[in-house]
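Two complexes follow with chain A in common, the first pairing it with chain B and the second with chain C.
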Partner chain A sequence: MSLKGVLKRIAVSLITVFLAMLLTFFLLRMTPGSAIDTWARDYATQRGMSLDEAYRQITAMINYNPKEPLFAQLGRYLGGLMHGNLGMSMIYQNVSVNEIIANALPWTLFVLSVSLIISFLIGINLGAMMAFKRKTILDPIISIYAILTSSVPNFIVGILLLVIFSFQFGWFPVNGAYDPIVDPGFNFPFLLNVLYHGALPILTYVITTIGTWALTMKGSAVNVLGEDYIIAASIRGVSERTLMNRYVKRNAMLPLITTLAVSFGFMLGGSPLIENVFSYPGMGYYIGQATQQRDYTLMQGLLLVTSLAVILANLASDLIYAKLDPRVKLEEG
Partner chain B sequence: MLVSGCGTSTPGLVDRLSAGDVQDMQQLIPDAQIKYNKDKIFHVLGGWPKPPLYQGNPFGSGGIGDTNTRYMYEGLFFFLRSMNNVYNRLAESSEDTDLTTTVHLQRNVKWHDGEAFTSKDVWGYYRLNNGAEVTKYLTSIDTPDDYTIVFHWMNPAPYPELRKLLLAQDLQGQIPYHIYKKYVDKADALLQEAKPLTDKSKDGPFNLDITEELSKKIALNWNEFTRSGPAIPVGTGPYKFEKVTTTDMLIDKFEDYWRPDAVHFDKIWIKNVPELSAQYALVKAGKLDWYDGTPPKDILESLLKQNKNLLHYRMYDPASVGLMYNIRNKPFDNVKFRQAMTYVLDKTKLREIGNYYGKEYPKISMTGVMPSSLDKEIDASVLDQMTDYTTNLDKAAELLKEIGWKKGSDGQWRDPDGKVPSFIIGAPNNWAPGVNSAQIAAEQFSKFGIPTKLKAVDSTIYFANADKGQYDMSMDWVDISWGFQNPWSSMRVLFWQGTKTKVGFSNIKKKDEKGNEIDTGKLDLKLPGIDGKIYDIDKEMKRFPYVQDEQERRQIIDNLAWIANENCWGVNFFQNATGAWINTKMMSGDFPMMEQIVQYNRDMPLATDPVEQLAITHLNHGFNSSYMPEEYWPR
Partner chain C sequence: MSQGFIEFWQTMYRNKKAFSGLIILALFIFMAIFGPMMKALDMTVNFEGRYMSPSFAHWLGTDYGGRDTFLQLVYGSRDVLSIGLIAALFTLVLGFVIGALSGFAGGKTDTVLMFITNLFLTVPSFPVLMIVAALVQIKNPVMFSFILAAWSWAPLARAIRSQLLSLKNREFIIACRIMGLKTPYILFREILPNLTPYLAINFIMAAQGAIVASVGLMMLGLAPYSPTNWGMMIQLAVQNTGGIFNPKGYIYLISPIMCLGLFQMACIFFSNGLEEALNPRLRS
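Up next is the complex of A and B:
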């Protein structure tokens, strides 16, 4: 892997980040509604004043100018970004977007990474077994499962799990990341409580992604099984277990590394649906809340970080894949 | 995990009552005898800005949430929504003269941080929060000593009952002077810069003329105040903040509360569960001890069947579901067309779909008065003179023909230009009573020959669109009193607030120094009253609070209600019925209609006895309005 190739990949990623940022900025402002419409309505009711008066007071209160030209807003936003400042929430004026993201991101990363690791590990093992035992009942069972779970939206699966395990049986909490009776910190009761609350969101991701991993792995493993070195190893008397674990799985896994990064991006993008089902306080949850309130600064900050994560994951997969597989070279031209 | 258990493992309420086992229900139980709610926790639902957005200033943008506000903060007085009964709270007593109201404070009230609550806190509350409605009627506030506050009213002053209601709207124990001194003193200094108001057409706090420049300085100070304050709320209420997560909040009994004997629960556990189906699941599982609202009939019956400890009370909501015609659009600017449309509607069907337990009032269009109180608030002779809008398709056809409409052979009505209309009813998509009843209304209009479609719009943009007049007809609460139950309160919604903007009443325009036309935001509506004279509605509304004679006030309301009904700016589909759920496994108390619980198998009908009605209002809006009824305790 040459330095030039790496730099080219990084440059493309930076351009993508910039375009994503611009797109987010303009698209959000094209959506109907305003941050202060609903607020003004409630305020007028509470204070016994006219809607016009409420609108005027709130506009002054939050120092918001709905008539500020779009490019002036963009200039202000870009100026802040240069200093790593994503701005203040429009609704919650005393909290910066950076603070909100710092609170939300760890929860999303926790759920996504745990579920990704679990589903990846189970999926590739199932896939390898399917490849080895193509004539058994295992293959069609897992194939049907994979088709079913990949065709049902993951938030529907989340709702089903919630109804069954939280509402019907009461085995898991209805929502949230932890109970208020535990003290947040690096202590056993808190960690246990976090795992308990994260169980259903994680299970939702695992159930809906495991089949896809298995099918992808099966396809890759079947290709590897046809390679000469596998046949040679088999003739040499290498045991089936060793053949599967050390010869097939290791090589068949390589193409899945790229998919892993792409999947992370997809899961992150879909997190608003899952996290809102479980009121899980991650990035997706706040994206949902900010969208409802038309809190532009919060929305654009959250979406920028989400885009950044996806782009970084893709960049990382490109670089790692080139490192793992010596046959792959990053193009320099 | 919630500590409350499932409600089906113990004898149900009806079994207990039938067996005469009511000893633990109608009295405070000694701690040792508490069977189920040993931790003495009261479980309810609520909402708040999620950490890290949560902060301790209730006026901070985004607030701190409703439920915890109710239990952590108090006002001088307290009233239940939908009622005019005012009770003393932080006020020990009060007395009125012609132009003053003197309030004597409870002596042993402390803020949650241990500081004493004094008259300076109340003074500071209004100097800083000078946009509060009552300040428009005051000239000044004096604090002769730490425990006395004198409110000086403008001359003429609002009539005495209204003065107390205006004061009771506010939670004066929300701005501790010792915490917010800097902002209170700055606001006071700015107000002192203002000159007395001479232009009677203008409003101003403390009768002051707030210039544009001063207004900006006051807003800036307010803005800085809303960004400041403690990390957690500091009130004087019976519960103080303990902990908050995104989905749960714990508030603890305040040990130094001035009425310790009135607080029976040690802790309130507030759950934030926005999904309605999830809320019902929690009610069914007995994980909420009190729940506000009456679900659709089938869900209500299913919940009661599945948890035998649940008890449900119904009551009228001081709010109606209704449709407003957009008079900015033709042909809705024609009163005869609006009346014709109103005659088409069958309100019984609208109510059955919208809120089965609600009540329709077929005769009226929209009066600005809560329908269930029409008989009480409006003179019988005026009611008799109101146009009766009971469904009458012949009358609708007759009115349409009068304004040049014709019905074609295809059954569709055509306007005078021969065009078949196509109308839209807008409704917020997450408001089931509104969306469901609007769908039926659209079908009824279409069946009559006026093609109409429902447009259920995302609620985050619906109201702004409706206020701008984007729909021919819009759905919202109508004839509603958000605060005290006084017809002037609901008339304000009609002529000054939400109904005004959806109907599209015009505002008075004037020219600025540069000759540009500007909107004053003040209502420009002059119409004939019941006596045939022309009335300026805005002036009548502004006059009302100062009219000391009750009979004259009644005449103003009679006239405005008659004008509203005749002009038919909208249709009151039905008055909403709401309710309260009690989990009698975890909570006992002197429940209303106790003798009838077995007879109705816990699904209590609307109370007819005024004492029971009051008790149910306490049970419902009491738990919902900064007040923990004392007659309920852990079981």
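Up next is the complex of A and C:
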């Protein structure tokens, strides 16, 4: 891949980042002025200071002052972002948006990476098997399964799992990421507890994404199977198993790795619906809380971080793909 | 035209999946149009009559407030379906106009439009929808549909653009341009008919996507304007202890879920069949 292509991709990503910042800024601007006034009044009575002083402190805290001219507002907002400051939360008192994200991101990251790895590995193996053994019962079963799981939205699967396994049987916890009785840290009871709390969200992701992985892999593998080098290898007497593992699976996986990187980015924002169903304190849970309780600073902070994750993931997937598959030229497209 | 129409129906009829999808969709549409005319829905709370099991008077029993579950589903279908249809229409119009303009005009227009499209593709749509729903009070299905469509046209626009890039160098379009026909005329009278099959399939998919998104937003309580919308029913069942804690309320929780799943499945079957019927290359 050429340096020019890489630089171009990076430049495009940077411009997109800037546009995403603009978008979140205008979102913050849609905050009703009354929300800030009310907050300032409460703040003033709480700390026993004048209303003007409270207002000044609050606008400094959220990096936004509706009374300034537009460009000054934008300058203040972008300046704050350059310092990595997303402002203070409006509903969680004395907590900055940065702190909330720092607390939420690990949980989303944990559930997300575990479930993506599980569903990707199972999915590609099923897909490769479907492509290889065309006439078996496996193909229709997986196809029906894929249609079923794509017709029921993932949060509904989450609700059903919650009702069955948490409420009906009481096997799994109803909310949270770990029990307060365990000691957070790198110890065995804590890790076990985290896994126990994450089990249902992970299961929801896995159940709902396996079918798509399998079908995509099947399509890709069928294409690879038609290639001359596969026929040549099989005539050469390469065993079926080697053919599947070393020849087909590796080549058919290439386009899926790009998808993996992109879906990683998209899911980093957490699924607001799944995390709210399980009250799992990840990114999506907080965006749900922020929108329900009208916490504008938290909303824009979470949206910005989520968008950055997607932009980065897209960039990474382009670069990884060009690296993995020399046939792809980065300049095109 | 009539020849093609008959052929279309025959292909649909022969394809079992597509035909069953079509029948289920037709039933849902029938339910949405005529259902509410059959019997009035009484939403007043009737404490004695709550959590009744299914009977002849109440086909799916009653909910936590003694209201008939089946009637709520029927009334809700009107709201759910109209959101799907209107949102799909808006999505299609936005996607086609932006994609076609971008592909047809090329040059700077193309660059700018594609940059906007890329931004819409990059920023995750569901969180944005949540935030917009929090900022704007959603009061009716039309407004809801517009908000949903405003964040879902981008993939379609990109696809239409790439189709346009190959279409615009075909002889018949070049002929139109040499004849000096205006761009809107070429776009709507020459290019649009060529993309109809593609747009028809995308219409179903857009409707499906809009319905899932609207149900999701309702479930988070961000668009609480209709208590009978299936998403709202699920929300009431989950959040307001309507069904989730009480096994007697399971029917109230499961019914909208089943309807939603069935509707989605019918959409997938139908659009798959439509693809086969409209695309001769896929026919075996």
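As a convention for this text, the second predicted complex is superposed on the first by the 275 of 333 C-alpha atoms of A that agree within 3 Å, B and C clash if a C-alpha of one lies under 4 Å from a C-alpha of the other, contacts with A are read in each partner's own complex, and residues count from 1 in each chain.
Throughout what follows, a contact is a pair of C-beta atoms (placed from the backbone, for glycine too) under 8 Å apart; a residue touches a chain by one contact, two chains touch by 3 or more.
Quick caveat, the model's predicted, so the values are computed rather than measured.
By the touch criterion defined above, A:F167 lies against chain B and chain C together after alignment on the C-alpha atoms of chain A. When the shared chain is aligned, chain C comes close enough to touch A:P272, but chain B does not. Of the two partner chains, chain C is the only one that A:L19 touches; chain B does not reach it.
Taking chain B and chain C in turn and counting the residues of chain A each one touches, the greater count comes from B. Once the two complexes are laid over each other on the shared chain, residue contacts for A:V310 go to chain C alone; chain B is not touched.
Once chain A of one complex is fitted onto chain A of the other, the partner contacts of A:T297 are absent, as it touches neither chain B nor chain C. When the two complexes are overlaid on their common chain A, residue A:T212 makes contact with neither chain B nor chain C. In the superposition on chain A, A:S115 makes contact with neither chain B nor chain C.
Overlap of the chain B and chain C contact sets on chain A: residues 162-163, 167, 291-292, 294.
Residues of chain A that touch chain B in their complex: 32-34, 37-38, 41, 44-53, 57, 60-63, 89, 91-95, 99-100, 103, 162-163, 166-167, 170, 173-181, 279-281, 285-286, 289, 291-294. Those residues of chain C lying in contact with chain A across their complex are 115, 118-119, 122-124, 126-128, 130-131, 133-135, 212, 215-216, 219-222, 234, 238, 244-245, 247, 250, 253, 257, 260-262, 264-265, 267-269. Taken in their complex, chain B has these residues touching chain A: 1, 6, 49-53, 55, 60-62, 131-133, 169, 215-216, 219-220, 222-223, 226-228, 242-250, 269, 271-274, 278, 281-282, 284-285, 458, 460-461, 463-465, 467, 482-483, 492-493, 496-498, 500-501, 507, 519, 521-522.
Chain A contributes residues 12, 15-16, 19-20, 23, 27, 30, 147-148, 150-153, 155-156, 159-160, 162-163, 167-168, 266, 269, 272-273, 276-277, 284, 287-288, 291-292, 294, 299, 302-303, 306-307, 310-311, 314 to its touches with chain C in the complex.
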